[in-house]
Structure formats: structure tokens, C-alpha cells
Amino acid sequence: MSISKVTIINDPIYGFITIPNGIIFDLIQHKYFQRLRRISQMGLSYLVYPGAHHTRFQHAIGCLGVMQKALKVLVNKGVIISAEEQEGVLIAILLHDIGHGPFSHAMEHSIVEGVSHEHISTLFMEELNIEFNGSLTLAIDIFKGTYKRSFLNQLVSGQLDMDRTDYLKRDSFYTGMAEGNINTERIVAMLNVKDDQLVVEEKGVYTVEKFLVARRLMYWQVYLHKTGIVAEQLITRVLKRAKELSANGEELPSSTALSFFLKNKIDHKTIKQSLDNFSQLDDYDIISGMKEWCSHPDFVLSELSKCVINRDLLKVKIKKKPFNTQKINKHTEALMERRKLTAHEASYFVFTGVISNQGYNYSKGGINILLSNGKIVDVVKASDQLSLKSLTKEVVKNYLCYPKARN
Amino acid sequence: MSISKVTIINDPIYGFITIPNGIIFDLIQHKYFQRLRRISQMGLSYLVYPGAHHTRFQHAIGCLGVMQKALKVLVNKGVIISAEEQEGVLIAILLHDIGHGPFSHAMEHSIVEGVSHEHISTLFMEELNIEFNGSLTLAIDIFKGTYKRSFLNQLVSGQLDMDRTDYLKRDSFYTGMAEGNINTERIVAMLNVKDDQLVVEEKGVYTVEKFLVARRLMYWQVYLHKTGIVAEQLITRVLKRAKELSANGEELPSSTALSFFLKNKIDHKTIKQSLDNFSQLDDYDIISGMKEWCSHPDFVLSELSKCVINRDLLKVKIKKKPFNTQKINKHTEALMERRKLTAHEASYFVFTGVISNQGYNYSKGGINILLSNGKIVDVVKASDQLSLKSLTKEVVKNYLCYPKARN
Amino acid sequence: MSISKVTIINDPIYGFITIPNGIIFDLIQHKYFQRLRRISQMGLSYLVYPGAHHTRFQHAIGCLGVMQKALKVLVNKGVIISAEEQEGVLIAILLHDIGHGPFSHAMEHSIVEGVSHEHISTLFMEELNIEFNGSLTLAIDIFKGTYKRSFLNQLVSGQLDMDRTDYLKRDSFYTGMAEGNINTERIVAMLNVKDDQLVVEEKGVYTVEKFLVARRLMYWQVYLHKTGIVAEQLITRVLKRAKELSANGEELPSSTALSFFLKNKIDHKTIKQSLDNFSQLDDYDIISGMKEWCSHPDFVLSELSKCVINRDLLKVKIKKKPFNTQKINKHTEALMERRKLTAHEASYFVFTGVISNQGYNYSKGGINILLSNGKIVDVVKASDQLSLKSLTKEVVKNYLCYPKARN
Amino acid sequence: MSISKVTIINDPIYGFITIPNGIIFDLIQHKYFQRLRRISQMGLSYLVYPGAHHTRFQHAIGCLGVMQKALKVLVNKGVIISAEEQEGVLIAILLHDIGHGPFSHAMEHSIVEGVSHEHISTLFMEELNIEFNGSLTLAIDIFKGTYKRSFLNQLVSGQLDMDRTDYLKRDSFYTGMAEGNINTERIVAMLNVKDDQLVVEEKGVYTVEKFLVARRLMYWQVYLHKTGIVAEQLITRVLKRAKELSANGEELPSSTALSFFLKNKIDHKTIKQSLDNFSQLDDYDIISGMKEWCSHPDFVLSELSKCVINRDLLKVKIKKKPFNTQKINKHTEALMERRKLTAHEASYFVFTGVISNQGYNYSKGGINILLSNGKIVDVVKASDQLSLKSLTKEVVKNYLCYPKARN
């Protein structure tokens, strides 16, 4: 009967995911990791897709589950992967997103300007490595891509890694957008390793095509959904305004964790010493802050906050070409007039920007197909169709946001 | 082409749910309803089932979708239901849970003691009825059960109502607990009305049996899961302690909304005048409060908060018979000794209680089966098996919580 | 890269099932096994549930997949199972239904009277054991229950075996009857072995309850669906009539394989020497025979055949109590009069019978629950509810079939 | 309570499909339609995907269900469709495949050479129209495309019709090939009508892209799977050989229905008078024939039959370029030598051919997108990506089949 204890997590998508006792279990128990339970995977997308309340915690556990399967497939195919390497790559995928803050994209453009979540993930891993007496060293090397066997890094972060494999499926499941439902099991079953590079076996080429198409569709229909963009822009602007007011000495009601980031300028250099503060910041600080600010005397801060909290968003238009400056000015001036605002204040409500997506980027390594004759070619060449070539073209769209007439 | 605008919501379970323009759409837009986006349907159950982050907003919309189908089935079977009645019952189901606060069960035993969410739902509906110039009058009558046609109320709140039909399916979906996955479509298809009573056609008897069994299993495996119980008890005790400290004049860091409830005694009488305060309270206030309290000097408050926030819960035992007082005392005394606590303080960490579930309660109206000979009998009698009879027996279990040795 | 070749089968329910090279692969390739592709799992149930066209081949492969998972779970829990035992039990489950003929229940009451499919399965295994030089000896011992380690036999044929686990899930999937959708993964995860007996861990008790309830519901709503019963009775009677006519020297158009069984009396003793003939008999022989017989001069044979082929079935009534003889006689006499038939001929169209189901039979071994204190009890005792006790009661119903008035 | 009786069919994919009483119900009951229960939707594909045993009956019912939804969507959007038109288009889709024989592609190249199933469908509809006193006249006009309102025909047979919408989803479901799982509900929700042309609303453009990609993938991974091609070629050749032997006066054991087609030359002209014979032909005749022929003295006939029956297929190679004649000859000569065959006989076992697929053919009408500015453009132009353009390129592949060395 039971000899080694394992923990089983019930995942709505994959069923049971088994967590082996030991460092992986301990990392999951750690408060740095538990905080991912309080960070939504898709930010404010639930304002568009009410089902999308899943968290980065679930995604990280899901990635762990998919990576376990991938390792099993590769080992069954005769790829030699040592126990240390297996543990390393499992830790690397488990922690790959640990540096995400709440509403990451919004934060990176407001209160922790210019600091990528990958950088913060590395900082967290290094911190945990000290706490766990160096047990994460190999995982960090794999995560950074400095470990000699490239396929391990490619499993964590590549054009067809276990991260994307999980998030496309998971986001599709929770949004109810069946279009993005990729066949994780089949993708994983087609993986192999040749000369220490991750490859997909030739018969998996259609599955890869499907994966790329699903990814592109999820971008346009979900991640770049116009309502989601407005919401993200609004939260960015709320935080910017809050920071601006704080810089002017205003004491805004906010949690201890958020206060720290409103009062201090955090950038690529200073983030390391503020890591503990960062670890205390999650969706609850941001949403609670906005709830308080709904009744703040500053018009910009309170209006923007109410827009998000009551889901009473700005209007948005999408076009291929940039919007006409005159048209934008007309909206700005009307608002200034109607609400007695300065141009700076009005710029929080009327603004334009671009969104873009490139389905497949083979300058960044591409997806390698192992032909039955043993040669390796990029999937763009292995595909019968030229369609993938066109996926590599970047698509750019412009958006314009402005308030409803009554505001 | 399109004449009347409708809004379509993408639900991961049912697919598209159509929201007709008009009062139903406007009610959904209302900030009282939008706040349900910030109230988790299953409280802290996500600490056991990481997928269970769905909200009361989704459940309410889901109920609306199921009710639309039920109405269609009944009308197709020749039941006369006027347009007003249809709108009324749709509003009633949409708003039936609008009175839920964050972590309702915990709140009802701490900061809004003894006030049921049904009562608060009625208050909200009455408030909205004023705002919407009396358009909710019929919905309120249906909700309260004072409208003459009983089946409309039974669709909203009975032993086989659209509320239960949705939440069992939804909670099963998000927890990944396939056991609870009932066949909503089939249940709805079997409904009929006889003498203004809701009935299930005879051939639906197995489906009803299955529904009752699924419900019972969801209770024991999900709603009354021992880890979930600990979490709920912990959050109840955090709030009790916070209220206790506030009563002693301590100013705890907390949101405006939560502060109000910590400082004021709210009961069945006073809730009405505090409705606006209540409408501002959601999961974010409670979780954010606990995050702040993790570093509060009061040992009880900070320890309990950390237990929840870092998911480092108390130990729990479940037994059919009550726990031996001596055993409980031993745990209490050990803790008092180890942590230098008073008996009152220790009682926050060592406690016992009962959980119970009655699968089917036919004193409360039961589920009526319409036999093919036109007679109506309770499902307990229509079933070939006596098994349902046993479902009606209440099952009671005892739990004991106490801290891990190291605490 | 790939060292040992494996075959992967895509199963709509479980995804990929991996077939290891070696004897298991070779058995699947064998024509005795391939014939299962031509034997429908649910007989004529597709006349009720049009989706139910799955075959015994799929079920056998599915059982293999579930057994692989069960073995992995048990081995992970520290149960020692040798490579030979693992192969043995996999072969046993793969071949457990190989003795099924087309429309088994109908055949067992007509052309191979009184010979059970289990007996024929054993004969096939013994035949294959000769062909495979004794490699199936252990599998046969496990199948028969003569191998010393009982749990291996219990995995193949017990109250909670991998056979039932697969067929309930599979039949539920293909009929669209969500009620029967059991949680295979969870059942398997809860298995363990104590003193060489198969047990379910205590926390799995609700899952077992659910399994038993699902099984009972599938019986009443699917396997014993009244339309399905009529169809099965019709096919039994077609074959009986065909045999009767053959016995009278009539040469009926039929396939070589079917002719053999029409002309020869096959029973428990003679089946062994007719095994090769039996191996050539499948759904195609029976259905093709009936298609020919639609235009046969014998009224009984052609009418019954047309009923099945054109899905123009008899009427059927279901009652708890036996049908009144007078009522039956009235139908018989009306038909005799209307169609100028003898009483014997009319008996093919007007008949009565009983159907029964016992949800759980613990005289046959039961399902053992391993309590956390190490004791083993029957699930009926481990369950909080008495409901299981009532499941053990046999439910009996009577049916009456008779032609529509116009016939 | 119930006023108009309806029949409900349980579909594993869509759940309940409601069949209204009246002509649609009567057509389904007709033996011409019931025979579709005996014709597999995907021919011998179950030799590759064991789950793929679904029938043309299920597909036709599924199409009916999808069409009902499409009509509801269009009517809700204000498109005027009369009750007669609705019934007409429902009948048209229900019967669109009624002209399929068993293993259609194989038959069209062997025993009913050069007669398309669309032609036979029309003949059946005309026959039924007589039987139903002209009630199918409008349905036939819609089916043929001669009815004035084009969108009705486009719903039945176009680049995005309800036929394709159902079969892609259904074949994906039964094969377990998740890649083909299109979002039927979303496709249907995006339909509209402009100037009597079927259009897709602009926001549905990604869904259309996904549909086209899924379709292409299903072609290459399922419909044109190399093992499936061999099986289809084998069955074509079995039938050709049988016809050849019959032409030489050989009396082959076969069913009455099949005999007729072996003995008579049926073409585009003579099919009409043989329609009743055709209506008696289904999978059971073909498979039963081959089972008998396994022991026929003609080497070619028996070997080919055994290949299919025992799933012991020929080897197959796939290449972009045509196979080298020398290589083919080598295989042919080796076989002639090994088995003492003539070149003609050997040609049944060694042969080459081409398979091709064009993802999207806009010369045949295309898929029209209704832009938000009211203009209509082809989806190839509405898509951001050029990828669809490449979908329109025909892809051609060559295959070579030859026996395993031991044969």
C-alpha cells in the first residue's frame, strides 16, 4: 500500500495532476507561489468573458501537469533525461510566471514601468534558490537558457512550449471560446528531441498548424478583444493617475502593498530590493484601491475607477489605419467643454493606440519538424500550404477610446 | 436583418446566453448586480479545488439561461404563461442571489449575524423596484411565493429549481468533480405544470434520482469538504476577532466598506438602512483586510489571517460521533502553553462543530412526479427503489480543528 | 529517439491508448479479435439511441486502457505486481468479451441456446493459447479466477471491475445519456490492494455510490429501455423462427456462417468443435439474413424481419405486476383473426416477459472499502446512507408486446 | 400540458433534437431513410479510428438539428422565412444525403460507375414527392438551387452549409480528432441574410477561418489518412473484381441486392429504374459479400476480401511527386513471380493514385462576409491574413500501394 505520499490536484481540464512530495510540493506551499491564487490569469477579461476568472496558480499547476506528460513521452522515446534535469525543468515551468504581478500589462505601463515579468520571475527564483539551499540552480539555468541541453529551455519557453500549450487550452476552456481548444495530448505525443533540440515529428505538422491558427484566433478574439483593451487601458490610467496624485503629495487610500508602489519609483534596477513588497501585491490591492477611489474628489481618478468597478467602460473603435487627429481632438475638446477638464485630464479619457499580433515568429527559433528522413526543417517549410508564411506577418490595428456622450 | 438588439454572453457551460434588451439587460448593468462579479460563488473552496473561482455573477446569468429554456419547454407543452409572468420569473431568478455578501456563511456568523441572504435579496429587489418604477413588483411576488401561480415560485426556489440546477452543474464543472455533473437539459425537458404546480413527467424519475444523488455527493465531496470547512471557519473567526478588537476601540486597517461593518452592529432590523454599505462589500474587502492583518500585532488576528492567505490551514478531523471533551481540552491546553495564550484566544484555533446534510426534504414541498395516469406523487413514492427515502435522512458529522504542532 | 515501437489508438473517450508491441499487439491483430469490429456493443440499442453504434472492439481496447491506468496506480501505491502478472491481467481484460457473438442476448435464447459468452471467451482464449505457445496461461487463470492473487481476477470481473468501468462510461458517451457518465479516472485513483483483495480507499466511497447509481440508471434508461427490449425480443424471435423453418427442411437464404447455426443444434457441449464457425458469425450475418427474409413467403419470418429492418416495431407496455392473461389473449386472438394465423404463429407477435435489475449484489463478492483504520468493510456498510442497501433489492418489471392495430 | 406531440432524439453531440410531427417525422420513418442507419458515414475509416462507426442516419438528423438553430437565428434577426420555406429547407437538409450508397466513393468507382450520390438523392426525393403528394416540391427546388431565394440553397449546399457544419463536428467527435471540433453554435449565431444571399457577420470572420482550417486538417488527417485510402481502394477493387467475375458468368455468393448490381450495368441513365434495388443496398451487403468471398477460389477476390475483413491491409507510401514507374513495376513483377499472377491480376494489389484537397474554393460561390458598413466581401478579402488565399491552392499527393513481402 501507499509508500510515498503524493498530493493530487483536481484540474477541471486535465483531471488529476499528481504533485510528488519534495521540493516541488514545498515550492507550491510557499507564500510566493500561493500568492498566484490571487492573480487572475487574464486580468480584466472577465468583463468580456464572465467565465474567465482562473488564476496564475491554476495555469502554473497545469503547466506542471503538461510538462510531466511531455517528459514521459520523451523518456519513452528513448531520450535520456536525468532525474535532476527532470526536476529542473519541472521547477522551471512551475515558476516561469511567478514574477507576474496583478494586471501585469497595466502595471508594466504604470507603477513598475519597464520591468518585465520574466525578469521578476528570475529574481523570485534566485531568492527561492537561497532559501532552498541551491536546489533551484539547474532550474534557473534551464529557465534562462544557459543550460547546455537546449530542448529543456525550449520546453519552458519557445514557440511551442508547455506554457503556451497550457494557457491556450485553459483560456479557451474558461472563456468558452471553443476555437482555441488545442489538442494538448496530441501536441505532447508528437514531441521528440534531436541533437538536443526540441522537434515535432512529421506526422504532427497539422497539429502544429492548428496550434498556430488557434493561437492567432485567441489573440484576436480574446486577448485583443476591444472591450478587454479598453478595460486594460483604463486600469493602466487609473494607476498612472494614482501615481501622479501620489507624486504630488496626495495620500490616497490604498493597501500597504500598493502604497509602496505609488510612493516609490520602481524600475529595472530597484525592483530587486523591493521584491518582498512586490510579493505582497495582487489583484486584491488594485481592485480594492479602485473601489475606494470611486468616491475620491479627483474627477479623473474617481471616474476611471467607476468605469472599471461598475463595468461602465469607454467607447472604443478599431481600424486598420491610424485615427485622424482631428477626430480625436474633437472628442477631447467636447469632453473638456462638457466636464470642465484640462487637456491633460481629458487625455485620460480620450486616447488612441495600436495593438498587434504576429502569429508565428521564426526569427525567434521557430518550430522544428523532424522529417521521416531524419532532416529537420522549420514548420513553415514542412507545411504543404504557404498559409503559415502568412501567419508570420505582423497584423497591426489601431484603437480609439472616448467617453460615452453622457459622461 | 437585425431588428431588436440583444446581448450575447459566452458561458463556458451552456454556450451562448441571450440577454434581451430592456429591464433584464438594465438590471445586469446595474452596479448592484455588477458587484456579483466580485463575489466568489464557492467562497474559499478554491483552496481545495483550484479551478473554483467562478462568481455569483456567472451563476445568476446561468440561472437566467436555464430559466429561459424551462419557459420555452413549458410554453411548448401548452402551459399558458403571460409575457409579464415570463419577465417576472426571469427577473426573480436573475436576482435571487443578489443579497449574497462575500463568504456569506462566514459573514452570517460574524459581521452580519443572523441575517439571511434571502432577506437581503428581497431588500435589494425592493430598492431596485423603486428605481425601476415598480417594474419588479411581479418578480418580487414570485420570489416571495406570494404570487398565485405556485409553479413560478417553485422554478425559482424549490427542491428542483433552476438555481440548484445551475449551481450543481456549474460547481461540478469548475471544481472538476464530474460526479456532480447533472443533465440540465434533460431535467428541464421533463418539467411540466399541473394545477399550477411544477411537476416532472414520469419518465424523468431516474433523472430526478440522479439529481438528488449528485446533489448529495457534491455536498459531501465539495461543499462540506473538510479543508473547505476549516477555511470557512477560519474566515469566520478572523472576522469575529476583527469585530471584537474593533469593539474594544482598536482601529484596524480595512476598507471603508468593511470598516463600517466592523464598527457597527448589523442585524435583521438594521440591515435595511445599511444596504448601500452592504452593496459595497465584496471578496476584495475581506481578502485585502486579511492581507493587512497578517502583520497586525494581535496574535490571534495575524495568525488566523496568515493561515488563510498562505493556505497554511489548521488540522481537521471528521467523525460521526462528537469529539471527546478531554481530547479537545488537551489540544487547547497545549496551544495555550506553547503560545502563551488565554483560553479565549486559544478557542480561535481549537474548536469543534457539526456539519450536516439532508439530501431531500419533502416536508418543504418535495418534487412532484406526474404519472402517466395523470396522478401526482412525490418522487420518493414514484421511485422503484426505496433509496430516496434514505436520502431524506439527515446525516450529521462532527469536526475538530486544531493547529499543527509547530504553531 | 524512438527505440521500442508502440501503436497508438485514438479513443474518443480517453484520447490516446498505447498498445505495446508484443503479444498484446499480436492478439489485437488476430482475426478472432478483429471480428469484434463487426459486433455492436449494444446490439439494437441504436434504434433508440442513434449514436450507439460502437463496437465490442472499442470496448475491449478501452478496457485495456483503463487496466493500464489501474496497474500504474496500484504499482505507484507500492503493490508488487510482476511483469508477467501485468501482462496476464491486460490480456485477460482485452479478451474477456471475445466470446460475444452478434446480439448476444438474442442468440443465447435462439441459435446457441444456453451457452454463455463467458464460456465461449474461455474457449477462444484456450485456442489462442495453443497458437501463442502457452503465453496466455496466466491470463486464463486470472480470467477464470483460479490464480492465487484474487485482486487480479477482481480487476477483470467483479462488482467494480475495469469492464464495467469502461462500458458504463462508453455506453453513456455514445448514447448521449449523460446520467451514466462515471468518473473513471477517480475510480481508478481510489483503488488499492489489501491482503490480495481489491479495495477502494475510504475517501472513494462517494465515487462508488455514484458508480452504483449510474449503473442502475443506465440499466433502466438504456439497457432495459422498452424500445430496446422489443427490438431484442424481435431479433430473438426472427432467429427462432428461422431455426424452426430450417428444422422443417426449409433452405433460407443466409450467409454460410449463419446457415451452419440454423441447421445445427449448438449447445454447451458442441460449441467447442464449432468455434471456428462461431468466429465467422457477426452482426452482418444476422442483419443481412433479416434483409433477405423481409421478402420471404413465411408471414412470421418476413413480418418480424421487416419490423426490425424498417424500425417499425411492436407496441410495448411496462408494468410492475404481471399482465392479465385475458388481456394478452385478446391481443392474440385479434391478431389471429386479422391475419389468419395459428396460435403458435401469433405467439411471435404477442408475448410477455419480465425484466429485472439488481443494482448491487454483494453475495457475489461486493465492493470492499478500506477504512483509514485499516479495516475492510463492504460499501453498503461504509456508506453513511442506507440507500445502497436498497440498491441491492432486485427490481422486476413486466412487459407486454403486441402489434399495432394495422398489422 | 402537451398539445402537439413531438419526438425527441438524443444526440451525443447536440443533446436533444426535436422532431416535429408531420411530414418530417414521416420521412424519417420511411424505409428509404431508415436504411441510412445501415450506411456508415465514414466508410472504412473505423479501421483507422475505431470510434468512427457513426451512420449517415445520425448525420442527417444532426443536420436537421443545426438547420433548426440556423432558422431560429435568422428569423430572430428579422429575416422573413415563411413556414413553407422553413419546412422546405429542413426537408432538403434532411434528405440531402439520402442518395448515398454503402462506401459511396468505392461504389462510384466500381458498381454504379459515374453516378453521383447527389443525383441519386434527387431521384429519391422525387420518388418521395410522389408518395407524399407533392409536399416535397419546394424542398427539391431548394436542394437543386432553382428556388429564387438563394440563401436557402446555400444553407443546404455551399462553402459553409449546415451539412459541412455537422459532419466536421461529428466526424471529429467520433474519431476523437479534436482538431476538427468546430464551434457550430458560433458559426450559426453569425449567419445572416443580405439580398437573399447567405452571409456571415464581420465579427464571425475568425470563426470562418477556423472552420476552413479545421476542414483542411480533417481532410489530411482523417478523410485522406493513408490507411483509410488503402482500405477504400481495396473495397473498390474487391467490387471491381466481383463485377468482372460476374461478367464472366461466375455466380458469386452475395445478397439479392448486391447480386443485382454485380450482374447489371448501372449508370447515370439506368439508375432511375433501379432505384428500388439501390434502396436495398447497404454496408451489410458489401461486408457480408466480402466475408463469403474470403474463401472463394479466385485468388484476387479472396485475398482482397481477407485484407479488408481481417484488417491486414496493403502497404502504402505517400509522396508529393508521382512514383517512379520502375519502382511500381518492381513491386508488380515481384508479386507476379511470388504468387504466379498475371499482370492484370497483380494490378489489383500494386497500384498508384492521387489524392488532393482544396481547402476553399471561391469559384464555387465562396463565403460572404457582411462588413459592418453593409458591404459584402469574400472571406479571403475580409481576413487580415493572406493565409486563406493559400487555402485556396489545391494540394495534390501521390500514393503507392503494394503487398507486404510475405503475400
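Just so it is clear, A, B, C and D label the chains in written order, and each chain counts residues from 1 on its own.
In this section, contacts are C-beta pairs under 8 Å (C-beta built on N, C-alpha and C of every residue); 3 or more make two chains touch, one makes a residue touch a chain.
Note that this is a predicted model, so its numbers are computed, not measured.
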Ask   = Which chains, if any, touch chain A and chain B both?
value = C, D
Ask   = Comparing A-C against A-D, which pair counts more contacting C-beta pairs?
value = A-D
Task = Would you mind pulling out the distance in Å between where the CA atoms of chain C average out and where those of chain D do?
result = 32
Task = Calculate how many whole Å lie between the centre of chain A and the centre of chain D, each centre taken as the average of the chain's C-alpha atoms.
result = 43
Inquiry  = Nearest whole angstrom, what separates the Cα centre of chain A from the Cα centre of chain C?
reply    = 50
Sequence positions of chain C contacting 2 or more other chains = 15, 186
Query = Where on chain A is chain C touching in the complex?
reply = 1-3, 6, 8, 15-16, 76-79, 185-186, 189, 192-194
Query = So in the complex, which bits of chain D are touching chain A?
reply = 178-179, 181-183, 186, 206-207, 209-210, 213-214, 216-217, 220-221, 359, 384-391, 393, 395
Remark   = Interface with chain B, chain A side, in the complex: residues 9-13, 15, 29, 31, 34, 37-38, 46-47, 49-51, 53-55, 57-58, 61, 173-177, 253, 255-257, 280, 282-285, 287-288, 291-292, 295, 309-312
